[in-house]
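Labels run A, B and C following the written order; every chain starts at residue 1.
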Amino acid sequence: MKKKWMNTVVTMLAGMMILTACGGKSGGSPVEGDAPYPLTLVVNQVGEIPDPKNPIEEKLREYTNTDLRIQWIPYSAYDEKINVMIASNELPKLMKLNYSPTTISSLEADLFWDITSHLKNYPNLAAQPQQYYDNISVNGKVYGIPLFRDMGRAIVSYRQDWLDAAGLKAPVTLDDWYEIIRYSTEEDPDKNGKRDTYGMMLDKGYNQGTASTLTRLAVSQGAPNKWGIDEEGNFYPEFESEIFFDVMKMFRKLYAEKLINQDFAVVDSSELNKVYESGRANIRISGGNGQSLQTKLEKVVPDAVVNVSPLQGPDGIRVPGESGNTGFLAIPKSTVISEEELDKVLTFVDKLFDPEMVNLINKGIEGVHYSVEGDFTVTLDADKDAQEVKPYRDSLPQRGELYNMEKKAKGTELFALNKKIVQENENYIIPNPALTLKSETYNERGGELEQIITDAQTKFIMGHIDEAGWHAEVEKWRKSGGEQIAAEYKQSYEKLK
Amino acid sequence: MKSNQTLAEGALQVKRPLRQQRSKHLLRDLVRDRWMYLMLLPGVLYFIIFKYVPMYGVTMAFQDYKPHLGFFGSPWTGMKHFIRFFSEPQFWMLFRNTIILALYNLIFFFPLPIILSLMLNELRRERFKRFVQTLIYIPHFVSWVVVVGIFYILFTTENGILNELIYRITGEKIAFLLEADWFRTMIVSQAIWKEVGWGTVIFLAALAGVDLQQYEAARIDGAGRWRQLWHITLPAIRSTIVILLILRLGNFLDSGFEQIFLMITPTNREVSEVFDTYVYTKGMTQAQYSYSAAVGLFKSFVGLLLVLGSNWLAKKFGEEGVY
Amino acid sequence: MRQDKTRGNRLFDLINHSILFLVAIVCVLPFVYVLAVSFASPAEAARGGLILLPREWSLVSYQYIFSSDTLPRSLLVSVYITVVGTLINLAFTSLMAYPLSKPHLRGRNPILLGVLITMLFSGGMIPTYFVVNGLNLTNTLWALMIPNAISAFNLIVLKNFFQQIPDGLEDSAKIDGCHDLGVLIRIVLPLSLPAMATFGLFYAVAHWNTFFNAILYINDNHKWPIQVMLREIVILAQSRVGDSSFDEMDVQPLTIRMAVIVFATVPILLVYPFLQKHFAKGVMLGSVKG
């Protein structure tokens, strides 16, 4: 009995030795001169982590003449890991940060290089629109290169076949929205004899963050994006505008008449996607591409037709401007110690925008991941693309077709239309004036103040509170710090002017 | 070694073995128990190195901690975060919600694993017993996200399986997931479903130590099943129950953040917002580490008082307690 | 066992059996759903509804799991840290719990109080990271095992279990010339097999569920356990990350997510049935000792 025990333990110990012995580190000391510049990069993981020796990464190293080492960190602990890295001063040469209160405090503390004045020395970096840099600036200084994303992503997607059958068009006014939603809920658009469809469905995040359906719809009708500025230069929140309240009232009516899902306050977006993808819901405002919905929908309802159109209202197209990035790459001062070294890092990033690299990052390797067909490129295998190319597409800065891409990717008509709308949206953007403004009160109580309002919106739509009740909640918001935030934004705004 | 042997031989003469008693000579005790102390050493070192050395981190609650300044560079703020916490207008609501939820769990959840393991213990057929044991512990491995997802599929008013059933019978639907009145019931039933089987494991281990001859003897004396349960089975696991209860009180104010966070809606917030979720909205999303740490320290302190108090009480009633 | 034949007893057994059977079914049903969806074709899963037996069987999801070596490899890492980590845990915990189970031991109460306090107060993530890093454990799998070598909860409960063992047997071993360590190994541990199996299970499950420490302490993704992958694939897809940082495209289909859950859960589920025979054995040994 005892002997058996000992045997197991000894075997285990031996096993441990073998396994840990495999973790040997190999690292040569960097040689000056033409030798590849050792560059460590920390980004968050997107799907599968690629093998560092894969051809895409090898090509990246070769072209940029760097010894690039990418450390991928899963989303589930990214912020904590970054905090530990900062606290223990184990930083890489280049790292992805999100524009959040923690990072802003680190940026203000001068932990990262201020590259505002350096950008002009790098042709590719200088060629990107200033707005993208402004959106990640802190006190007017730029501390990194954005991981670019479209600023006007919001798009309306709907079932064209249902609209055609009813003789309806893509919505412009709130009345149009109401009618589309009413028709597709009440008049059995899928002709199965059952009332099992919804014109529109909301999930529990319907009024939160940049993806807020309330904001997107209200902006299209003429409301400000999150914050407005009146004639006297005072800041006021979106929900104090008449139009925004009209949108809320419309949803209240829709809810009371059971034209939208009655459980929207608890439902997860993933549950909602399932309903849209199974052909039981019509219209929605989203940030994705309508083609992916079409592809999934076809498997369940073969003759379904999805279409997309820009967010528009009585005054034409109006889209809330988003930050235009999914984070940014910043350069720590503790590891990149001199201006010369900073130059090397920035040169690396600049080179990523060369046509060859843009192709590589976006599409992978010709013949392996994509092929060229006339003026277009075609992805060879979607799964392979998702596993081997997407990680780089999502974690390295690039602007897709908008900068230095030689040939566009071939896609369906819907896919191309969606892309075109999003790109043109950039001309109709209503920016959020408070995006990079400073407010102490917001930093301290922002989350809780937002909650007062988002809770009240849900309760108002569900009919738990009436108009008076809603105004009382807004008043509560003002008194608990909302007024202060508005004042601080105004102050910060005038300072930057 | 020699003195040890003579001691042990001496023990034979006395009714209670000598080594059970504490002699008046400290040194002699230390020498006698030298092997014991040697065995303690790795564990004690472990706790010192991995638990007590990092303990300076609690100072965060008295600072305005910033990662780049560290524990020694961040500015000191004294009791600022505590004062802010206690003077929040919501403080008493949070306190009430947290306590009520903890009591619900204590009253409705805590006894269930005991009852279930006693039921399992009554099973004669070993096969069936193992079958049930294996199945009831599966839910422990299901993450909260999935549990809440399952409850959504069952209880939502939009084609929820149970709600459809209720609708067919009563003609009405119940907004289980939205109404404040149902919140605590939902939380406790989720916890029961997920953890009750897992909770039986430890009691089954305690029951395995019960001397079978005692049952034999009781049966000869004509004791029925209930009397055997009352006089043999329960006393055998009593000290385990007491220990678990005391330790549970230590994290009395922990409500299980993930679960509650997933179940909160604007319509039930007046009963669902607890310390843990509040700290999240307030602290984590706004990077207020020190504030979160202060709330955490407050919770730990309450836990310590409860543990020490209940341990004292347990000892008064002749139980072994934690120490 | 003549008594078992009375009517009351039979009724009791019937009710008891039915209740337990029902409880078992309620517990396992959702897992059956997960299992069924993982074997269903993506199209069937997309149609939604509750699936308990797929109509169109498909192995696509499992093909995906084995299409790269990421998931199988992380499963091996999990198995390794679970087996080795649990052995370390049991050795450390029983070694410390045994002396603490002796009320006469000087200094016992302060130590127990010290242990208890670590259950309630913790220095937090960053100071602990400094210690682990200072000991050069980061980037090794030891970082997932050594810093959790003893759980205070398990230690205290195990100490309590040890205390239940009658002193008679231990004392006679001492008379035979065993020192305390010998008593622990030869007498106490064999008598405590049910307890060792239980705490082994507790520790094993804790190791199996490790994900945060892995991300925190280990940079090399080849050494990440399965739960890290599970989190990335399953939890993120379901929790509301919103489309502010995510595209819908990033979310894996339901069938794959469910297959990953099955893949990452079944190995640890198999541990308990295997341990159950030790519970039975404990009963027999327990009867000998009287």
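Keep in mind that, in the parts below, contacts are C-beta pairs under 8 Å (C-beta built on N, C-alpha and C of every residue); 3 or more make two chains touch, one makes a residue touch a chain.
Because the structure is predicted, anything quoted here is derived from the model rather than measured.
**Q** Between B-C and A-B, flag the pair that has more C-beta pairs in contact.
**A** B-C
**Q** What chain lies farthest away from subunit C once each centre is taken as the mean of the Cα atoms?
**A** The chain farthest from subunit C, judged by C-alpha centres, is A.
**Q** Can you give the whole-Å distance between the Cα centres of subunit A and subunit C?
**A** That pair's centroid distance is 37 Å.
**Q** Mind checking the centre-to-centre distance between subunit B and subunit C? Centres are C-alpha means, answer in whole Å.
**A** 16
**Q** Quick check: how many Å separate the C-alpha centres of subunit A and subunit B?
**A** Averaging C-alpha atoms per chain gives centres 39 Å apart.
**Q** Among the residues of subunit A, which ones contact at least 2 other chains?
**A** 83, 87, 204, 268
**Q** Listing for subunit B: what residues touch at least two other chains?
**A** In subunit B, residues 67, 149 touch at least two other chains, as defined above.
**Q** Listing for subunit C: what residues touch at least two other chains?
**A** 126, 130, 235, 238-239
**Q** Tell me, which parts of subunit A touch subunit B in their complex?
**A** 83, 86-87, 100-102, 105-106, 109, 111, 204, 261-263, 265-268, 271, 443-448, 451, 454-456, 458-459, 462, 464
**Q** Could you please specify the touching residues of subunit C with respect to subunit B in the complex?
**A** Its residues touching subunit B are 3-4, 9, 12-13, 16-17, 19-21, 23-28, 30-31, 33-34, 50, 92-93, 95-96, 98-100, 102-106, 108-109, 111-124, 126-128, 130-132, 135, 146-147, 149-150, 152-153, 155-157, 160-161, 163-164, 167, 171, 174-175, 177, 179-181, 184, 194-195, 197-198, 201-202, 205, 234-235, 238-239, 261, 265, 268-269, 272-273, 276, 279-280, 282-283, 286-287, 289-290.
**Q** Which residues, counting only subunit B, touch subunit A once they are in their complex?
**A** Of all residues in subunit B, those touching subunit A are 66-70, 149, 152, 156-158, 175, 177-178, 265-267, 269, 281-282, 285-288.
**Q** Mind listing the subunit A positions that touch subunit C in their complex?
**A** 1-2, 8-9, 12, 15-16, 19-20, 23, 45-49, 71-77, 80-81, 83-84, 87-88, 98, 153, 203-205, 208-211, 268-270, 273-275, 277-278, 286-289, 292, 296, 299-300, 322, 326-327, 383, 387
**Q** Where on subunit B does subunit C make contact in their complex?
**A** Interface residues on subunit B, with respect to subunit C: 1, 4-5, 8-9, 11-12, 17, 19-22, 26, 29-30, 33, 35-40, 42-44, 46-47, 49-58, 60, 67, 71, 116, 119-120, 122-124, 126, 128, 130-143, 145-146, 149-150, 153, 161, 193, 197, 201-202, 204-206, 208-214, 219, 224-225, 239-240, 243-244, 247, 250-251, 262, 293, 297, 300, 303-304, 307, 320, 322-323.
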